[in-house]
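Two complexes are shown next, each including chain A; its partner changes from chain B in the first to chain C in the second.
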Partner chain A sequence: METQEAVFRILRFNPERDEKPHYQTFQVKIDSRMTVLDALENIKHEQDSSLTFRRSCRSGICGSCAMKINRLAKLACKARVKTEADKHGEILVEPMENMPPIRDLVADMGEFWREIERGNPWLVWDESLAGSIKENLLTNQQQQISGKLADCIMCGACFSDCVSRVFDKNFNGPASLAKIHRFVTDPRDKEGVKRVHGLVEMGLWSCTHCYFCWSQCPRDVRPVSAISELRVLSYNSLDPSQGARHVGAFKNSVESSGMLNEATLYLKTMRWNTLRDLGLVLKMATKGKAPSPFPRPIPKIDEVRALFRVAKEIREK
Partner chain B sequence: MKYAYYPGCVAKSSAHELYDSTARVAEKLGIELVELVAASCCGAGVINEGDPFLNVVLNARTFAMAENMDLDILTICSTCQGVMRQVKWQLDNDPGLAAKTNEALAKINMRYKGRVKIKHLLWTLIEDYGLSKLEPQVVKPLKGLKVASFYGCYLLRPAEALQFEDQEEPASLERLITILGGEPVHYEGETKCCGFPILFVQRETAFEMAGNYLNNAKQKGADFMVTPCPLCHLSLDTYQMKSSKKIQANINLPVMHLSQMVGLAVGVEPEKLGFSKHMVSMEKVLRVL
Partner chain C sequence: MIKHDIVIVGAGLAGLRAAIEAKQKSADVAVLSKLHPVRSHSDQAQGGINASLGEDDSWEKHTFDTVKGSDYLADQDAVEIMCKDAPRAIIELEHWGTLFNRTESGRLAQRPFGGAGFPRTCFAADKTGHVLQTTIYEQIRKNDVQIYEEWFATALVVEDNVCKGLTALDILTGEVYAVQAKAIILATGGAGQVYSKTTNSLTTTGDGIAMAYNAGLPIEDMEFVQFHPTTLYDSNILISEGARSEGGYLVNALGERFMKKYAPDKMELAPRDIVSRSIETEIREGRGFEGSYMHLDLRHLGEAKINERLPTIRELAIYFAGVDPVKEPIPIQPAQHYTMGGVPTNLNSATSVKGLYAAGECACVSVHGANRLGGNSLLETVVFGKRAGAKAAEHVKEVSVVTFPETALKEEQKRIEALLNRKDGEKASEIKKALGTTMFDKVGIFRHKRELEIAKRNVATLQRQFQNVCIMDSSRKFNTSLIETLEVGFALDLAEVVIAGALARKESRGAHYRIDYPKRDDAKWLKHTLAVRTAEGPKLSYKPATITRFQPEARGY
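For the complex of A and B:
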């Protein structure tokens, strides 16, 4: 097998010795099958035994070895060194983001677990389902709905790369919301859809749809889709929050003119808070940039309204 | 080259300079744009959170319109492009959804056949027009200008629905900037979110996001930033004053739409590119040229 050398730049931090983290470079002989975890093991055994990282199953199942590899959170046991080297040149390895570092590549996942716990991630047993049966199994169809979400291995990659979480510590993050969705859609859960009522306080509307949680999830859980579905449930449960108002105003605008009416969307979502932007709006107006609140409907607006009616009929069924 | 043109709502409203500059660039490069004037808003991912099926049928109607014209769709908005590509991906991979959608479209005598392609202007310039054909048309190179690309989210993720370039190491904007004579600048945040999707809901978070990324680009020496999305432009330019205040920094970094940058380099007069509508003055950049 063809071998070559790859350069690893690893963020090192020993709180007993270092004031702050620093990078250290290692050269490792690699082959096409080698994973980043293999390379880290190699460095630990042959070059520096103090290098610290979490690992266990080596098979993408346990979720222990999530870390930032070339700036994005990945499982070290799934990331191929050759692919990383071909794409990025060197292999930059750092601990996960949105969690304080403990030592080298080990991050303190306490915040991640606290956010998971905030979502009450357990089945609340519905006693009325208990009877003569010993087990209460999901049908295949029911399992398909929550199945993807149940695949989460709690590695923390989505939490690490969540853009909102960097700036908004009240946002409980993609993994927690995906886990909540898994119980919302489980017919055995007593709370079920009622679980969405507490989600506004947990930052349901704080997700930006950046899709990093989709792209970085090693199990293809797609938390952002779960968040969108929770928002649908919340919006349709008469959620009075600004986020739900935004959805309602958007829909009304498109039904009315076929287009997004930026002015009314802004007013209906922000209400009195629009006054905070008065100066900005005036400046936009002087530059001819302020949107008109009275746009003309698009040609064939009747077709758009007909589709709104059809979708409503299907929803109500 | 001829496309069914889908400018999106913001380019026809608060970012009209994007619509106008695209028309100038298309004219200059000989790209024929047949506007889908009866197409509705794509829903920007927001309608999807009120009624996912409505999101699908509205976009499928737009696809059917383009298919009836036998043209592919060209858009100048990353968000529209992202939403439309995702809907098309859903339809093309879920026969049940496609059938249900066509049942709804039948009520307005339309049908989605699955032939249409959806492309952002950036992708058409690279894939269809070709950078080698664009290069000789550069009469006013962006020489001496350091340009920070802001890819944002929807040109890159989710990869399954987009399939254009690697989200980890995107290079399309840098390739274009280089051909136009500018010098690409890399900075932390170029593939992250501009904050616009939560601007009306979590505005302080949105300002902090945009402020940090703008400031990172400025610290790396960027003379201006370029974005392929009018929603990112609103966040990065229109609200820059608020972002500056939030992160307590005097950012003052001009932000161009993609079409404006191409327009400048291929010789469209700057006064026809709508820079006067920007909140952050482009004067320093234009002086260099």
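For the complex of A and C:
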């Protein structure tokens, strides 16, 4: 295999010596199959034994080595040096975000685990079955739906790169919600869909659907899809939250008029709170900036409504 | 000082199962682990977990297959307990939420595994360890068990054959603490990192076995080291036996399914010791690809089956070998996989020291004897983990008080301080590298007196170098170099025991194959090795294997 050199720029921080983090550069001889973890081990053993990071299985299943590699959270054992170097020139390595750094690439995952715990992340199983040697019957299809979500290895990559979490510390984050959905979809769970109650307080509607949790998940768990599913359940359970009303108003507006009507959207989402902003609303209306709360449908509204019907049919299937 | 009734070291399946049991028996129990529990090596198990659930199957047949697989060295009373309890243990995991694959009728699906007469391996695709570890950790949280995560146990404290607790380092702060306990359960896993080529995690360094050895306990059967036949060429990442149980072929460079020469009946599904030796023989006789690997061919299974049953295998092969098994065969070679030996325990997971228990891979009950069958290690963790938790909970009710000797903490703090402050010396990483290479090359699948003696000398040299090891990082907080150095110390001690046992055992049995003694010798060697630490190195003695219903026979497949 041909060898070449790659430049690693690593964020260093030793709480016993450094006031704040700083970058340090290392050169490493690489080959085409080398992973970022191989390179970090190489630096630690050949150049600087104080370089600190977590690692264990080196095969993408234990979830220890999540860190930011060229600005995105990845498992170091699955990120290939050559791919990163070809794309970015150098390999920039930093600890995960949305959690405080401990030392070098080791982040304090305490907040991540506390958010996971908020969702009672365990199967509430039927304890009358204890000791019996009869299994619950489950179809392979049911097994696969929950199984996909149970692939989560708790590496924290989705939490690190979650944009909503940056602004909303009450948002429990993608992994926590995916975990909740794993139990909601499991017919053996005695809580089941009841778990949806209380999710609004945990920030169910804070997700902005940026899809970073999908793209950065090393196990393809797709937390954002779980969040969408939970929102549907939450909406259908007539959960009168602001987020659910917003989605409902959005849908009704487009379905009835073919356009998004900001006035009805605002009224239906904010309800009586609209009165708080009455001055602004009147001012906008006088300047012709507020749409009529009684919109006229667009000419081809039938086509829009047909789309809604198809979407509904697909969903029901 | 930290005080609990029971402290469990290690948070893999055995440790966590023990913790749940002890907690349910209302003991004051805590788990101490150098990793967060979900990072434990149990997570990496792929293929499955055995139980005789089929109508034509029985626990007796499971016992027979296990005993035969062990080359008759397993203690048959222990194997009986494990196989009888297997259906209950697995159904319990199902009740707790494990997402096992199902049959058409919704029951647990089972696949055939190496050395088994029936398809009795329950599985969750090829990530069984992950789903079990996740399930059991969820139940740990439900039961609100206290966990000291990222704490590294450094030494057991034993006085007058009574366990008083241990010393442990809080990795986050770097402080060494005394942990007093009426009972300690070791559940620290195997010692794969003694070898350079291994499927085991970088953290699987045999800490618990070495701590027991250092505390004066005998260590059993360490010369029996399992080499897994199919690990990815070069990176040695595990490719589950599930790949062969779903129908994968092993093929040499001449395009032959060479297993027909070595195990005409079972073919690819012969036990692991036999398949590994067959691969190694093919390589040595010049029928390997590029002289050093075989092909595992899954192409005839088709994309749909590979995606459903072996998704991780496909992903690992693509990521780590650049090969898509749907289109190309996977390059594989054998590598260290499992430690059959460990801390000897009785049927209740108790060791010879009062208050000290061991379960899982670090223990030697012995249910695997000279060779473990696939699917039996996960089973051992939950069956004997539960027994350890139950017995320890009973024990602590009978013990009114233990007193942790202050001096033990001071000595350990002094030792670690000295390590951190040494300014110049040998690098632990270099020592570990040399150790791993020596062990794989000289104490591997095929062994010979000449090579074992070279290995013994090499390890002695490395031990001397280790006396002068230098960490080159004196920081206290999250000092991973310190942890790695302590781990290398453990690995060196265990390597000596493996070599001593292998040199002394002048026969070939299960995974221990001596080119100079190629036959099994029941008259002289149907017995377990016990090694005790002395100033002159490991001192060996032996104890008979327990035979209940199956007399040793020739072992053909």
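Observations
Going forward, the second predicted complex is superposed on the first by the 267 of 317 C-alpha atoms of A that agree within 3 Å, B and C clash if a C-alpha of one lies under 4 Å from a C-alpha of the other, contacts with A are read in each partner's own complex, and residues count from 1 in each chain.
Just so we're on the same page, a residue touches a chain if its C-beta (ideal position, glycine included) is under 8 Å from a C-beta of that chain, and two chains touch if they have at least 3 such contacts.
Everything numeric here is computed off the predicted structure, so don't read it as measured data.
Legend: residue contacts after superposition of the two complexes on their common chain; A:Glu5 is shown touching neither chain B nor chain C.
When the shared chain is aligned, no partner comes close enough to touch A:Glu19: not chain B, not chain C. In the superposed model, A:Trp122 makes contact with chain C only, not with chain B.
Legend: residue contacts after superposition of the two complexes on their common chain; A:Asp186 is shown touching chain C, with no touch to chain B.
Legend: residue contacts after superposition of the two complexes on their common chain; A:Arg103 is shown touching chain C, with no touch to chain B. Of the two partner chains, chain B is the only one that A:Val254 touches; chain C does not reach it. By the touch criterion defined above, A:Gln242 reaches chain B but does not reach chain C.
Across the complex, chain C meets chain A through its residues 35-36, 38-41, 43-44, 87-88, 91-92, 94-97, 99-102, 105-109, 124-125, 127, 130-131, 134-135, 138-139, 141-142, 172, 201-203, 234-235, 237-238, 312, 315-316, 319-320, 322, 427, 429-430, 471-473, 475-481.
Chain A contributes residues 70-72, 87-88, 163-164, 166-168, 205-212, 214-215, 222, 228-229, 231-232, 235-236, 242-243, 246-248, 250-251, 253-254, 258-260, 262, 265-266, 269-270, 280, 283-284, 287-292, 295, 298-300, 303-304, 306-308, 310-312, 314-315 to its touches with chain B in the complex.
Across the complex, chain B meets chain A through its residues 9-10, 12-16, 37-41, 43-54, 57-58, 61, 100, 104-105, 107-108, 110, 153-154, 156-159, 166-169, 192-193, 195, 197-198, 200-202, 205, 208-209, 212, 238-239, 241-242, 276-279. Note for the complex: chain A touches chain C at residues 14-17, 33, 44-45, 49-50, 52-64, 78, 102-103, 106, 109, 117, 121-123, 125-126, 129-140, 143, 146-147, 150-154, 183, 186, 188-189.
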